[in-house]
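What follows is a pair of complexes built around chain A, which joins chain B in one and chain C in the other.
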Partner chain A sequence: MSTASFTGPDPAGSSTNTAETRKALRNHRFAETLAAWSLAGPALVLLVILFFLPVFAVFGIALTDWQFGASTLSFVGFGNFKEVFSDEGFRASLTNTLLYVAIVVPGTIVLGLVIALLIESGKSLRAFYRAIHFLPFMATLTAMAIAWEALLHPTLGLVNQTLAAVGLPTANWLRDENTVLPVLAVIGVWQNLGYAMVLFLAGLKSIPQDLYDAADIDGADLWLDRLRTVTLPMLGPVTMFVFIVVALRAFETFDTVQVLTRGGPGHASEMLLYTLYRESFEYLRTGYGASVAVVFLFIVVALTLIQARVMDKRVHYQ
Partner chain B sequence: MSTDRLTPPSHILRHAALLITGALILIPFVWMVSLSIKPPGEIFRASFSFWPEQFYGIENYTKALTEAPLPQYMLNGIFVCTMIVVLQIVVCAPAAYALAKLDFPGRNLLFGMVLIALILPHEVLSLPLFILGYQIGILNTYAALIFPYIVSPFGIFLLRQFFKTVPDDVIHAARLDGLSELGIVWKIMVPMALPAIIAFGIFSVVGHWNSLFWPLIAVRDQGLMPPPLGIMAFKNEEAGNDYGPLMAASTLVVAPLIIAFLSAQRWFVEGLTGGAVK
Partner chain C sequence: MAKISIRNIGKSFGATSVLKGVSLEIADGEFLTLLGPSGCGKSTLLRILAGLEVQSGGSLAIGDRVVDGIRPKRRDVAMVFQSYALYPHMTVQENMALPLRMRRLSAWQRLPLMGELLPGTTATTAEIERDVTRTAKSLSIGHLLARKPGQLSGGQRQRVAVGRAMVRQPAVFLMDEPLSNLDAKLRVQMRAEIKELHQRLGVTFVYVTHDQSEAMTMSDRVAVMLDGELLQVAPPQEIYADPDDLRVAEFIGSPKINILQATLRSDGLADASGTSFTVAAGLAPGSTLSLGIRPEAFHLVDASKDNVLTGSVRLVEHMGSDLYVHLDVPGADHPLVARLLAERAPQIVSGQTLHLGVKPERLLLFAADGRRLRPDGNTKANVLQIKERV
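What follows is the complex of A and B.
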């Protein structure tokens, strides 16, 4: 793709290659560079101040024992990281986060895919169904967490009432260390499945009709046959993409933990971002908090790099 | 894709399945609204019915609006989101134009920086940004809620993609007409990329209206809190026992985006799934 060269539609011109035109050309180049940097300058400065310096600062702080407000600090090398990984609370937080992601990602993908397939399999009420299932994704999670808390209330909640009415055992969902994490994961699936659904719907639209026709000729008459031979294989790349995006969102879960459990009971629902927040801003253990942030950053960057490779593959498919 | 090849019974099955999953998805919303119009007595009697025997909505919503400074929270949210999205476009559109249409040394480096910044999760930056806010003395002000977001790597990226599709001839013609480069950005590029601007605006507003993490760090004053933080404070004050007003407040916080979404569904889906789909 060409750029709209600053020199106008006739850059080198048909004129002879005299020193004068070259000089004029250089002036134009200089003017274009100047214009570009003055247009991009504010964004560049802000990117440096608000993104790049902070990232370096996080790495720097993670190597110190600084506590916010303290006037002294000393260099402790990787001491914080050693402390982080030997800390029972942090290990619980990491394990919980991985477990949470391991429930939310497959749950979201399977439900999102099934709903997308159901919506695409007919023509009527598509927009209506899409809207309903997408609703939780854009609703304020803090407020919806409060609604979930009411649903899960041990005595007044709809969940326990329903279970009791049909004779099933009830539980104090958010205060029981065995149920709290799965329940948060259910809320995570509830919130994200609409997002997965929309991505799958886009993926389904891009499958060429030819492939279905070819499958027909090959005798794939049943809906299930076409699903197995055409739809699912063609959705492979989209599925990988959904996998990564939902995993990233699941790793970044914070609101439900903060509003509903504050990591409790014990460490049963503590997750990485909540640990990061509490250590950095409630306990003001700045150095420690920064090293949690570094660990978190490594996980997210690793996932994103995988995503970049997947996206490359997706291009090759087409 | 699939042409209508389902037989009538499977059509009925399709609707049945989707109505069931849809109903399950909606339960938290329905329960929230239901509790918001029930008197305390009925909430504690715990019945299955959606509609209360005694309509208590007026009392609950009045309490939500007066006991918590909910109107203040909403105004804070509107102000902060508007400032963020306007500043983002002001900062990002010229940079995106330079990256898309101008040739200059350092362009690849700058674009590389945008891509790296795109990867960084904002929560990781919160500690240094908090210290920065503290140093320049703006913590616990509106500025603290806004400043980390005035440049959006995603905004630059998205607008650059769109600006690239504008034909070069349009830009040359504008230059011949005597427009400055900045003039071209605002009078030519931005109007032509309006769909991208709207999609990005929705992405930004939804994200910041709903966000809890940074506001929790940046402000302590009730008068400055955006809706999610405000409603969390309200919940903690009420010790979570006065469900009626709490649910009324939750409903009021969720309502604006839901209404906007339902009236402009296509735009929201486009904006929130953004670059992902394409």
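What follows is the complex of A and C.
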């Protein structure tokens, strides 16, 4: 009977077969779904507790006038956001942050790449150069900031003394509103440089030698041609990754501001995360601080999404 | 088009000597294959030819020009790599146009945006595009020009790599194991295509491979390399039928040649594996030599006598037209392999005793140091003799 269903039409047999098959298929699907949920479950629970709930809480708080420690609060709608965008301090903080990112990101990428190329091109002392350039990234920035403060001291600092010795104009680097942001950006570049360099070194190592050989034979054998034909395009994915990470780190800069300038002079060196911290924890205006956090979150998420799209389209070859 | 003269080329990496004074003349328009196991130095020799590696000693001429110390792009050579080495971020069109852009456009003209404003750029670019399209059509990859290498199959990438080499009409084609990343079927097909390409272009090809079937089917001459030395350079049939060296005989041929250790007697016969062989080696009695017998040199006989090996069948492999019979004979380390025509062989089962005869003229004799011993006393091949035999 079972062979008949294969050789000829057998409506009764085939219909029971289909029903059984369907049932087996349903059971199978159910088992798979169960396995999937039980495997993803723990991570999902943690993600909800540690990420989504706090984010929703921040959204909620941003819509109230809650002050930290207060027993009462009232709903103010988008009042906080209106205040955020009309506040000159916040706008200065946003502009400063964007400016800071605009200096730190290209500065880090270009310098990191140049240093990686230099280390890769020379044979001796590679490990030493790698280590000293990577040190700032590993060191605690708060401690390092004190060293920077000493270096930049208006009268005793090494920077001004050197400048004065060679007859160049000196400045009160951290107290002058024209120099403070660029100086913080330089420290930012210094700190992220080693990280970018290490990633670029790894990227350089993974470029197949065959491509350089092919470029030699095709006639692209001068350094600029090699760089344009092989090195830079092949570093595309690494560069995109460095861009995202350094941009996020630059947006989150807090410790140098807190230790060296406290946002001053005036609002000249105030940045988003510092504003957020001061509003929430110094002035205890938690509702207002939460709305700054929401704005901050939007900027960071938007940046990441744009970069992810670009990355998918332009720099993934294989 | 150019001939190539390789004179006493040596190459060492530190204390390791990879090439030990290789000399070779390659004729204009010849298809020469460097054949050898991995690590024998064949790729290094090719890279020295291309200018990617600098030799430690010796001299190299392409055409009538000595090219020592000359950069790869000035040597008029093109190379196809095992990995194809296509630029993954460029389309097929851009990949193929690159060698032409580098040669026909100045550094200023190659600059993005600004370069296009310079006089002559547009005309040259259009010309390059025409050349690329023509080459692509001749390789039937015209429809792939807008794709990137990541979107192509192995065979298509292979063709693009050949196209990139072809487009600037080099005097010499260098190919470094270009087929080893392809599946077996495609390899056979591309083998024929490369051979055809060589006939169509008529330029010199130097082809590196470890695959003897590629070397045998495509080449005008095969250069067998081992441990940084050239053992023999000869046409494929000569390499197979008349090897100069035991190592060449063992490397070429599948199944492998059978080697028996023999001792020469005073009456000119050599004893091996319980039988006597008629040899004409011109050696002193008592000396040892190796007898090489190709699997197809055996024929079935009825009884044991001189020039006949007797043993028991260990294994029979049916290959369709042929039978490979593995035979245990006394005194041999490995079973012998005989290749018999299936239609002429009777039913053979394992365990059966078999008598296999060898005609004395089909014996290849090698001295204890691996040198070939020929009846006329020459150590090098006599071409006339081989032609008669083949």
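By definition in this document, the second predicted complex is superposed on the first by the 257 of 318 C-alpha atoms of A that agree within 3 Å, B and C clash if a C-alpha of one lies under 4 Å from a C-alpha of the other, contacts with A are read in each partner's own complex, and residues count from 1 in each chain.
The rule is simple: a residue touches a chain if its C-beta (ideal position, glycine included) is under 8 Å from a C-beta of that chain, and two chains touch if they have at least 3 such contacts.
Not measured: the values here are computed from a predicted model.
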item: Chain C versus chain B on the shared chain A, clash or fit after superposition; value: fit
item: Touched partner set for A:G266, first chain B, second chain C, both or neither; value: neither
item: Superposed model, chain A: greater residue contact from chain B or chain C; value: B
item: Which of chain B and chain C A:P106 touches, first, second, both or neither; value: neither
item: Chain B versus chain C as contact partner of A:P233, first or second or both or neither; value: second
item: Touching partner for A:T304 - first (chain B), second (chain C), both, neither; value: first
item: Which of chain B and chain C A:D225 touches, first, second, both or neither; value: second
item: Which of chain B and chain C A:I146 touches, first, second, both or neither; value: first
item: Which of chain B and chain C A:D213 touches, first, second, both or neither; value: second
item: After superposition on chain A, the shortest CA separation from chain B to chain C (Å); value: 10
item: Set intersection of chain A contacts, chain C complex versus chain B complex; value: none
item: Partner chain A, residues of chain B touching it in the complex; value: 1-2, 4-6, 10-11, 14-15, 17-18, 21-22, 25-29, 31-32, 35, 43-44, 46, 48, 91-92, 94-95, 97-107, 110, 113-114, 116-117, 119-121, 123-132, 147-148, 150-151, 153, 156, 164, 168-169, 171-172, 175-176, 181-182, 185, 206, 209-210, 212-213, 216-217, 227-229, 231-232, 235, 240, 243, 246-247, 249-251, 253-254, 257-258, 261-262, 265, 268-269, 272-273, 276-277
item: Interface residues, chain A side, partner chain B - complex; value: 1-6, 8-9, 32-33, 35-37, 39-40, 42-44, 46-47, 49-55, 57-58, 61, 68, 111, 115, 118-125, 127, 129-144, 146-151, 155-158, 161-162, 190, 193-195, 198-199, 202, 204-205, 207, 209, 212, 223, 226, 231, 241, 245, 252, 254-255, 258-259, 273, 276-277, 280-281, 286, 289-290, 293-294, 296-297, 300-301, 304
item: Residue ranges of chain C touching chain A (in the complex, touch as defined); value: 47, 50-52, 71-73, 77-79, 81-83, 85-90, 98-99, 102-103, 107, 110, 148-150, 164
item: Residue ranges of chain A in contact with chain C within the complex; value: 208, 210-211, 213-214, 216-222, 224-225, 229-230, 233-234, 236, 317-318
